[in-house]
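There are two complexes below, and they share chain A, which is joined by chain B in the first and by chain C in the second.
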Partner chain A sequence: MTNRLLFRGLFSKGLARTLMGQALAFAIALALGAIIILLIDESPVAVFLTLMRGAFGDTEKIAGTLLQTTPILICGIAACIALRGGMFNVGIEGQLFLGGFAAAWVGFAFSLPPVLHVLAAMTLAVVAGALWVAIPAFFRVRFGTDEVVSTILANYIATLLTSYLTIFLFKRPGGWSETPPILPSAYLPELFSFSRLNIGLLIGLALAVGVAAFFRWTSAGYAVTMVGSAPKFAEYGGVNVRRVGFGVLLVSGAVGGLAGGVETLGVHHRFMEGFAPGFGFDGLIAALLANGSPIGTIFTALFFGALRAGSLLLEVDTTASREIITVIQALIILAVSADLMMRRRGDRTGERRWKF
Partner chain B sequence: MEILSNLFNVALLVATIRTTTPILLVALGGSFTTKAGIFNIGLEGQMLIAAFFAVVGSIYTGSSLGGMVIGVFAALVFALIYAVLVVSFRANEVVVGLALNILAGGITVSLLKAIFGTRGSVVGRGIVGLPKVQIPGARDLLGPSTAQLISGYTPLVYVAFLAVPLLIIFYNRTRLGLYIRVVGEKPEAAEALGISIVWIRYAASLLCGLFAGLAGAHMSLGYITMFTENMSSGRGFMAVAILIFSGGDPLKVLAGCLLFGFADAFSLRLQTFGFPSYLVLAVPYAVALVALFALSWRARPKRIRETVETIRRALSVHRSGEADRDAPLPRS
Partner chain C sequence: MSAVHGSQLYFNRRHERAPRIQPEVRRRLSTYVSSLSCVNHRLSSPASVCFMDFAVDLTGITKRFGAFTANDSINLTVRRGEIHAIIGENGAGKTTLMNILFGLLQPDAGSIAIGGKTMLIDSPAVAIAEGLGMVHQHFKLVPSLTVADNIFLGMEIRKNGLIDRAAQVERTRFLSEKFGLRVDPQERVAGLSVGIEQRIEILKVLARNARTIILDEPTAVLTPQESHDLFQTLRGFVDDGMTVIFISHHLEEVMAVSDTVTVLRDGRVVATKAKSALTKRELVRLMVGRDISFDRRPRTRNDGAVALNVTDLWARDDRWLPALKSVSLTVSSGEIVGIAGVAGNGQTELAEVLAGLRPASNGSVQLHGHDILDRTPAEIRNRGLAHVPGDRMVRGVDRDATLSANMLMGRQKKKPFARHGVIDWAAVHEAMRALIQRYDIRARGPKDPARSLSGGNIQKVVLAREFTAGGDVLLIDQPTRGVDIGAQEAIHDEIMRQRADGRAILLISTQLDELKALADRILVMFDGRIMGSVDGAEMDEDAIGLMMAGINPADMTEAT
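After this line comes the complex of A and B, so read on.
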């Protein structure tokens, strides 16, 4: 939804209808999820209660939820940036992995003064993410190569590449498939003593507010939104559509790399093979669920983070697999996409264009 | 030289044909939706869910055919959901496709735990693999090493390769094939002709599900009889890449699939030579990516030609207009 439409939507019955539809979609998705949980011989109520307990049971659990929320939120912001510019960056997962590895490498291979070390590691993570998306982005804007497929394929290569680097070149002697630990000078400061929750969450929140403000109040942000929603109008208005498209993907990739950096420097303090499975995809669907709104993504990311944190307890207390939450997430996206998201413009012959 | 002859031999060709089969099946399935004007990114999920249910089905029915049928049925259910959301509800096809892929991953892992009580993979347990077809007389006629090029594959290998000419005939000679193409290329014309765009797209989607289901069944019941988490490992996305640069044309699809099948087989071969497995595993994806970029780059001269053409036309119109205007001036 463009800002203008969002603005109008806030003060009309459009918002009520949107929220109603969204609630209906949620209800349908949860009902379907309950059926699937019944099919695998578990009680939906027990699963729901376990999820809630696992996510918000006590202070530590809440901190755990926020810990899971952080990478989803940052990846979600990365997805929002691309979506607003009319791009589908499905490669956030790959950018996350490369960013994570790059940050870890700076963390263990160099010794620098405390703050500088974190900044250097983060910078390299951001650069790695941006570089990884640069090639698909270039071909997207120059030759129209579909960015969805190219970034998905790049994900597989990024994951295998980081595994290769970790296991064949930088493996910790005697360890599992992980790099040596980073130096304490590169640790992100933790927020509480009882949790690994770190200032990454604040970085994510600041990013969300900043990106929202950028789209809301700057002319560049308006230009990006117009490139995403009405490229011809934007071009007529003198916007260089290609350059904006390239920039949007590059920034999105940079934020994806940042997410990886936050995850290694803040949580694991090393790079491990498969250290952040699915955060990139979770971020993308959180952004889709929020209709490409950075502020909305804070809440959807929190929701997905709670599901993830709760699912850890699910594996302990019930016979259900923790992957049941990805089923619920997918069902929600499907239900929501059926009606309200990205309503298609065009006649019955089906001119395709997604809208926000 | 010895290394080269070890790398390239009949066994490599046979391996190529084997690895090409699932990706060829799923890409041919995708050709229906591509021709019908739907960008189907959900192939991966349809394949994965079929692979899982083929394993489940073969255990419960005790036959590989039963497994295949149940696997295909599961893929058809996914294809139907996709069609309902994309065609009827007009949802965004990328979003729906990605969500269905995630759903397939989640459901298979959840059911794996619920049914078999394991994580990761299921092997043995009475899974019945597809039989191997020995073409009678091939061994006597061609000798043992050449015979394995055409004989001894699972039935789905033959189905996949025979489907290529059949699909060419389907698109050029049958009513449904023509309708699918019209709906994809000129939906307005299809509507003017009274062809139901919705039903044709449903038909294309379900045909796609059928082929994706066969591909999935071949993955889990073909040469290895097991199901592993995420065992489709991006083949559905490679198929989408092929579909993008082939436009769903069966022959070009075959060419692209052979390229990836070869990359797959070749990378497996490299692994036995002690190359780091992680880099080797990345080879097929890299090939897909490079092919995608290279072919979109090759498509570029055409666009430039067209642009130059339009500019020239615009200029010539302009100039002739100028000439007309200029002409009277000297006279006056």
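After this line comes the complex of A and C, so read on.
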């Protein structure tokens, strides 16, 4: 009893407690991951070292990690925007796919001068993402439909819709189910000669800083934050809660679409089935891990990007399959979300009151 | 000083074995004893002490949190079969003391005796085994389980290794009937009212065979009717030979229900007295340390123009039932119009409709001649209405945000706090710092989170924000609910200053004392209607009481 009180006393200070909680969650997840690696007769130390080497071993590997980080970061920012306004956009994956397809379409179907071509493709990607989330967003603010469910379901429609468009309407001649390649005028400029890493990363970083500044220093950002953290208070203070909720989802979807555009124009230069699997979900989780902070999301996205990049070497150098990183990722999510839930419930009235 | 001395004297003698007395005799004895003043009794006849039967005896309890001393060598003796109120302002150390008694905290010094036995209570399990039971301020129930399941959670009645639900329901029903705490054992807790949730909490304690029940601020969440029922139940416990320790900062209910009162201030016992030997005024002085007046505030008459005009207003509540039925009223500049009534008779809905937070079904509301009905809260604010909400924790503040962020609400786009949509936080902090000074808000600075403040200080933040919002019509719902008496006085001062400045004030309160002190006119609401109007200066409490119960006093006079 005394120990628990002592423990609570030590960690009751906001930030310290958040960080400690997350660090503890990470440690537990890694320990559990180590046990699973042991179960498949592989050394946890070797696996972790290989992962590190695969992610940060040399400049090319670091560039590879950053390449994986880019879409996760942009999707993470999309999630942060929604979370700040009290909305859960789980449909970023779908917005990413539609944005990716829209950008590809502009890229191969039109011929435009270089910079303009990129801008046009990006714009359509953004619009596609925003329009796609507008449907669940409308039902959310008009009828109170749970946006978690509707945006999750919208993902399936979006991925299958882009598959349909790719296979039946815009398939390039030949074997693969993918669109024709986009014109070089629509390529995003690459940063280094040795990697496909492109200015998408800079777009993501600028977005993170910009969104953080928006929430920190603008009147509109303040209103959105208040709607997210205390909706009744915001309503009382004269903020139009419904309009903010709708707007926040729309912008979140737009950024999700942007992530798809960046992935198409910067990396694949075409749209193909399953072109960016799981980036939308990884982004959402990165944002949750960072507690909705755009700056924090830069680091969590980097972590997930490193896991993804590192796993490529994992299959070459060890007997562990790359799916092991999915397991570790899942464990981290479990541990961290458990910590988040505990804090949410614990802080309401100062006393813990269970809700089901 | 002498009281402390007396208790120490007693403490030495207590180790002599008290003769065993038959329960019936004991009960009569304790009734007799409780009619005497505790302090006098201890000093004048210490010899008879050995016959007395003490439920709880705390000696020299001291508890420090860092540099802060929450309890400073507290002596507390609770006789068996009495209702012992522990009263004090927020932060006086009441809850800390009870948590020590219940084994949730360990004292730095002092000893605890239960039923005459000195013991170490290092966990609630020990306390429960000794017959103590605690009903916390915030209930700890599982909404998805039934009433009976909740009561027996952790001590399930088992048969062949399985939970014997039938027996649990049976036992719950038995306890419920025995103590007059009506509940349906098989109902799910989710959706039950707070009053019933509290009954379940009490039944939980009874099911664990508690003989001494500690209630922490039990009436904070109850309606007056529910509080009344609770007091009857507590009386029943005492008649049954049980002991009740009752923590409160509400004078009225302490005067209504307790036998003995212990007053805490700044972690020390200032007095332990029989209720009969105390007056309300005296109690306030003991609690706050100075005289506080609840008399009517002196005032000069202001003949202002009508600022707020409500005509034939109808609205529905959350369950879509009519909550306002043809409400009409006017408030003039420089006037305080009070709305009295038992909570839940439409007052909250009235405030919400006026502030634009709830749609009206019919009627008109004019602010300075402009129709504001069904406008957005932002438009109504811009027209000059400031609103202090009744539920300040939900509506009035974001508890996680800083004081500055709370102060900014409603003016985040306005100069000097923002320019071209960019917030000037330095200006916001500066303005908040000034408000902290001016309204005597106990906070370290504008960047403190609202949650770190006490209820009274949070209320001051809300008042400060709304009074400086530029509105000349103030809608104030429950200005001092849950606020310390000392802070209450300051808030009343501020409201009177606003009146003197020519603001039109609509003041909703469930506390008649408050309306009596402040209002120029008092309107009484019952079942969504305005029952009648009473002049604040010559307030007829009987008439108001009748109207609060839905009876028109005029009808009464005609009948007689």
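Observations, loosely collected:
Convention: the second predicted complex is superposed on the first by the 327 of 356 C-alpha atoms of A that agree within 3 Å, B and C clash if a C-alpha of one lies under 4 Å from a C-alpha of the other, contacts with A are read in each partner's own complex, and residues count from 1 in each chain.
Here is the rule we go by: a contact is a pair of C-beta atoms (placed from the backbone, for glycine too) under 8 Å apart; a residue touches a chain by one contact, two chains touch by 3 or more.
Note that this is a predicted model, so its numbers are computed, not measured.
Once the two complexes are laid over each other on the shared chain, residue contacts for A:43 go to neither chain B nor chain C. Of the two partner chains placed by the overlay, only chain C lies in contact with A:220; chain B stays clear of it. Of the two partner chains placed around the shared chain by superposition, neither chain B nor chain C is touched by A:195.
When the shared chain is aligned, no partner comes close enough to touch A:185: not chain B, not chain C. Contacts of A:238 after superposition: chain C is touched, whereas chain B is not reached. When the two complexes are overlaid on their common chain A, residue A:230 makes contact with chain C while staying clear of chain B. Touch criterion met: A:154 reaches chain B, while chain C stays clear of it. More residues of chain A lie in touch with B than with the remaining chain of the pair chain B and chain C. Residues 349-350, 352, 354 of chain A lie at the contact with chain B in one complex and at the contact with chain C in the other.
Against chain A, the residues of chain B that register as touching in their complex are 37, 39, 41, 81, 85, 89-96, 98-100, 102-103, 105-107, 109-114, 119, 187-188, 190-191, 197, 233-234, 237-238, 240-241, 244, 276, 278-279, 281-282, 285-286, 288-289, 292-293, 296-297, 299-300.
Those residues of chain C that touch chain A in the complex are listed here as 103-106, 122-123, 136, 138-140, 142-144, 355, 357, 376-378, 381, 387, 389, 394-401, 405, 408-410, 412-413, 418, 421-423, 425, 449. Here chain A touches chain B in the complex through residues 36, 39-42, 88, 90, 135, 139, 143-146, 148-150, 152-154, 156-157, 160-161, 163-164, 167-168, 281, 284-285, 288, 319-321, 323-327, 329-331, 333-334, 337-339, 341-344, 348-350, 352, 354, going by the rule given at the top. Only residues 1-2, 5, 14, 217-220, 222-223, 226, 229-230, 232-240, 347, 349-356 of chain A touch chain C when the two sit together in their complex.
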